[in-house]
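One chain, chain A, links the two complexes that follow: it is found with chain B in the first and with chain C in the second.
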Partner chain A sequence: MAARLIPRVFSAGLAPRASFQFAHATARSQFLSMRAIATKKYTPEHEWVLYDDATKIGTISITDYAQKALGDVVFVELPAIGTELAQGDNIGAVESVKAASDIYAPISGKIIEVNKGLDDKPGLLNADPEGEGWLCKIEASKPEEIDSLLDEAAYKQLCEEGHQE
Partner chain B sequence: MLARRIPRALAAARTSSVAPRLSQIRWASTDSAKPLRRTGLYNFHVENGAKMVPFAGYEMPLTYSGVGQVDSHKHVRSSVGLFDVGHMVQHYFRGAGATRFLEWLTPSDLNSLPNHSSTLSVLLLPSGGILDDTVVTKHTPDLYYVVTNAGRREEDLTWFASKLKEWNEKHGDKVEHQILEDWGLVALQGPKSADYLQGFVDTYDGKQYDLKQLTFGKSAWLSIGGVKVHVARGGYTGEDGFEISLPPSETVAWTRKLYKFPVQLAGLAARDSLRLEAGLCLYGNDLDESTSPVEAGLTWVIGKNRRTPGDDKASFIGADAVISQIEKGVSRKRVGFLVEGPPAREHAPLFAPSSSEQIGEVTSGIPSPSTGKNIAMGYIATKYSKRDTEVEVEVRGKRRKAKVTKMPFVPTNYWRGEGVLKQ
Partner chain C sequence: MSLRPVLYHIFPKPLPYLPALALQEKIHSIQARSRTTSSTGEKEATQSSLSGSKHPDILLLLEHRPVYTAGRRQDAVALDEERKRLVRSGAEWVATQRGGETTYHGPGQIVGYPLFDLTRMGIRTREHVCRTQTLLKDYLRDRHNVPSFESTHTGVFVSETEKVASIGMQVRHGLTSHGFAINITDEPLRWFDQVVACGLADVRAASAESARAQFTGKRVPLNIREECEVLRDMFGEVYHMPVKSLDEAEVEIWQAVKEVEAVAEQAGEWPREPIQT
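== the complex of A and B ==
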């Protein structure tokens, strides 16, 4: 069963900073967020996506498990707004002193917003990877792909198995 | 000293400049097939919350719980950190022929090296390529203490055995080789390490050895913490510090005794970023069998009196190749880079500006915790190797600006004696 979460990221993240083109979608999402529920799913690659059925917009970042594995994040490379991606395409990278890691699109779609705050404060990814440290927002072109991702329980199990390796 | 580490998330990324997936973040450098060795301090690390990872055939601490790589790095730069480097291979070479034997295997001028002094050196192949880098300590002309890389253990031991046999068959001045199996080796590194360690130096007849006498590159047997230990002043961080060799039976208790405020335990992660800021090479990344000391910027390890072709002093293994390189020059050189945008990691290709001509490759690169800049070292075509030359480096398919820069990236802080200005 997928974890159903109140979309707290959306209410903060989709402020009308977005271009005029998305103003309508933004307003709608804010309105709908009063009662819409979003689905949080995970990839085996330790990305998460918080998907809103009503707006078809997914917010993407890396999990707490991933940020711990990486250590202090010092640089984040984000996709250009408007980039069209297929599920599994590279959308950017997260770098710590120790390693660079590619980030892949959990679902297909178009990038509509990136978290500019990470340019100055890449450490947000360590401090709040599943909140303020969001990477980007994608407008899903194949919403059904959400169903193929891991729910919270399945993802947790995957992490635990990874620990035992 | 020099540890072989591949500071990479994933071995597969070796062949491309594409970063690994998050699920593949690993700290790997070893064939996973072989069982991993443990140093005497394994349990000590685990008790102290170490994240143990495979490295050079050993399970070694990467980081310790609650302290990130950046904080650990900065602690060593500002205070004192303790590293277990007991995975490295410690050797003694003894006998009347010890100096001549080691002058055959290395290009160093060991004859002129004062007693109780160390030098960085290289074991050379006949091709002039580097079999390993090593620190050679001369105690007397017939007694040398040598430390080599854990990741080159098999190659080095095979090489020493065959060369020793050859030597002892041909020469009257015999040499014996002893491997200090399971001995401890602990590095205390950082600007506060001397003051801290001084507090543990034992007092006899009201006298206490003053560590100020032990300048960078010097070694001594001292009684510290109730144990007679071998102390070498130096390390692999660019900071003042000591590498302390401990008998197997004393290693754990002695290390526990020394692990007190303000000492922080530091792992492989901090060790890598510290050595790279100091411009020091990592065998396997920055040096390998296809690299010569001349290309690597290590010509200084080749004794000045050992460079005359045909001269008896120039009869070390690999002499023909490296002397010819010194005379004729080399086509590529190891240099430092500052990189704009994302850090360039090992294997990132280097290009001439706005050109498809590849002119080199990065061999180590990180975002530097001390400077906040992306630092890297690598090999580049000689004509681009001058300081401040602007080049490009490819990271994730995109060209980024890079500039050839002097190393070290952070000034070294070695103890060269009272009244001697720091570098």
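== the complex of A and C ==
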């Protein structure tokens, strides 16, 4: 669209405005394509993965809904770096109020980083589960698995359906 | 609400820990398998996808033979010296995948394993732990006239330094294992004295029988089977489900239960107090 506008605008002698519109349109399309690279998807069991298409790296943790459901986290068990996992494999556990809840890999891949901050501050998982409370990063071996997960709208709907208390 | 009953079983004799743990794992895998077939074929289910599923929710009520267990976050290697000392005193020692830290189980203490499908029930983990804890407090108050001491720690206390019941659970895909333990008679107390239980150095174990004697001025010997029945009924009320006895209709589970009972029968007597060496 921007490309079509420019010749006409230039011919009308409105060069400065045109170049601003062109630059703006280009920046917008770049911005849109940048947004498409990082996708956040969810599992029915309240894990999320923020997947970066360019690097093939997914950051994994549990959702705010999950941390509320667990209670105050006192201990987080994280996988060893280098562990290879299939989608659905046990990835560790979160302990709260004397219940150890297993966490599962949303996608297959190799663990390349774990959040060491959770060793001293397991409470981060309650305070900021979708930010500072990330659990680990995985290098995806089957990126197509991302498509099988829930998007934000579907996940929100699931949470609303499940709400009993 | 669902009319699906909780199937319960009260074991007649104290069970050795490992066969009972294997029984829990067997029931867990039967429940997990049933969820896979009833939902879209994936392991991760939702409450609606489970509505047609057939696997039962189970409540096992039992005593164990003397055993010390550690929880998931503890380092079994670091505990090796302690393990040897405790085994010498006549108990087993097992590292488990439940939450919580070191505790003791043995005759005179009721252990409950609610093996529930929380996703299907529409209950979340914290809620389940909270209900169980409240149930145990209500049991002490209503059955034995013993008020609980309000503590920030999970479990049930009768004073700041005396703990009568513990909770330690594991949740996998919304299916629970392990559960709670409540001291009924004084028999477990000498065994508790051998460890720092639940990571609380200043806390000692107490029993329902002794606490009741303290609060009512009269010691009444308690019967484990009767107390199991009271707890069973309370679970039914709290989770809004009828309770029904587990029987041969659940073929696989019944067979596994009978096998564990046979092992317990053959195991014979157990030390009534820690062996002093």
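In the analysis below, the second predicted complex is superposed on the first by the 126 of 165 C-alpha atoms of A that agree within 3 Å, B and C clash if a C-alpha of one lies under 4 Å from a C-alpha of the other, contacts with A are read in each partner's own complex, and residues count from 1 in each chain.
The working rule: contacts are C-beta pairs under 8 Å (C-beta built on N, C-alpha and C of every residue); 3 or more make two chains touch, one makes a residue touch a chain.
Quick caveat, the model's predicted, so the values are computed rather than measured.
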item: Contacts of A:88 with chain B and chain C, given as first, second, both or neither; value: second
item: First (chain B), second (chain C), both or neither touched by A:100; value: both
item: Chain B versus chain C as contact partner of A:62, first or second or both or neither; value: first
item: Chain A residues contacted in one complex by chain B, in the other by chain C; value: 44-45, 69-71, 75, 77, 90, 93, 95-102, 104, 162
item: Chain B residues touching chain A - in the complex, by the definition given at the top; value: 7-9, 18-23, 25, 27, 63, 68-70, 73, 269, 273, 341-343, 345, 366-367, 369, 396
item: Of all residues in chain A, those that touch chain C in their complex; value: 43-45, 68-71, 75, 77, 88, 90, 93, 95-102, 104, 158, 161-162, 164-165
item: Residues on chain C engaged by chain A in the complex (per definition of touch); value: 42-48, 71-73, 97-100, 122-130, 154-155, 166-174, 176
item: Residue ranges of chain A in contact with chain B within the complex; value: 44-47, 62, 66, 69-72, 74-75, 77, 90, 93-104, 162
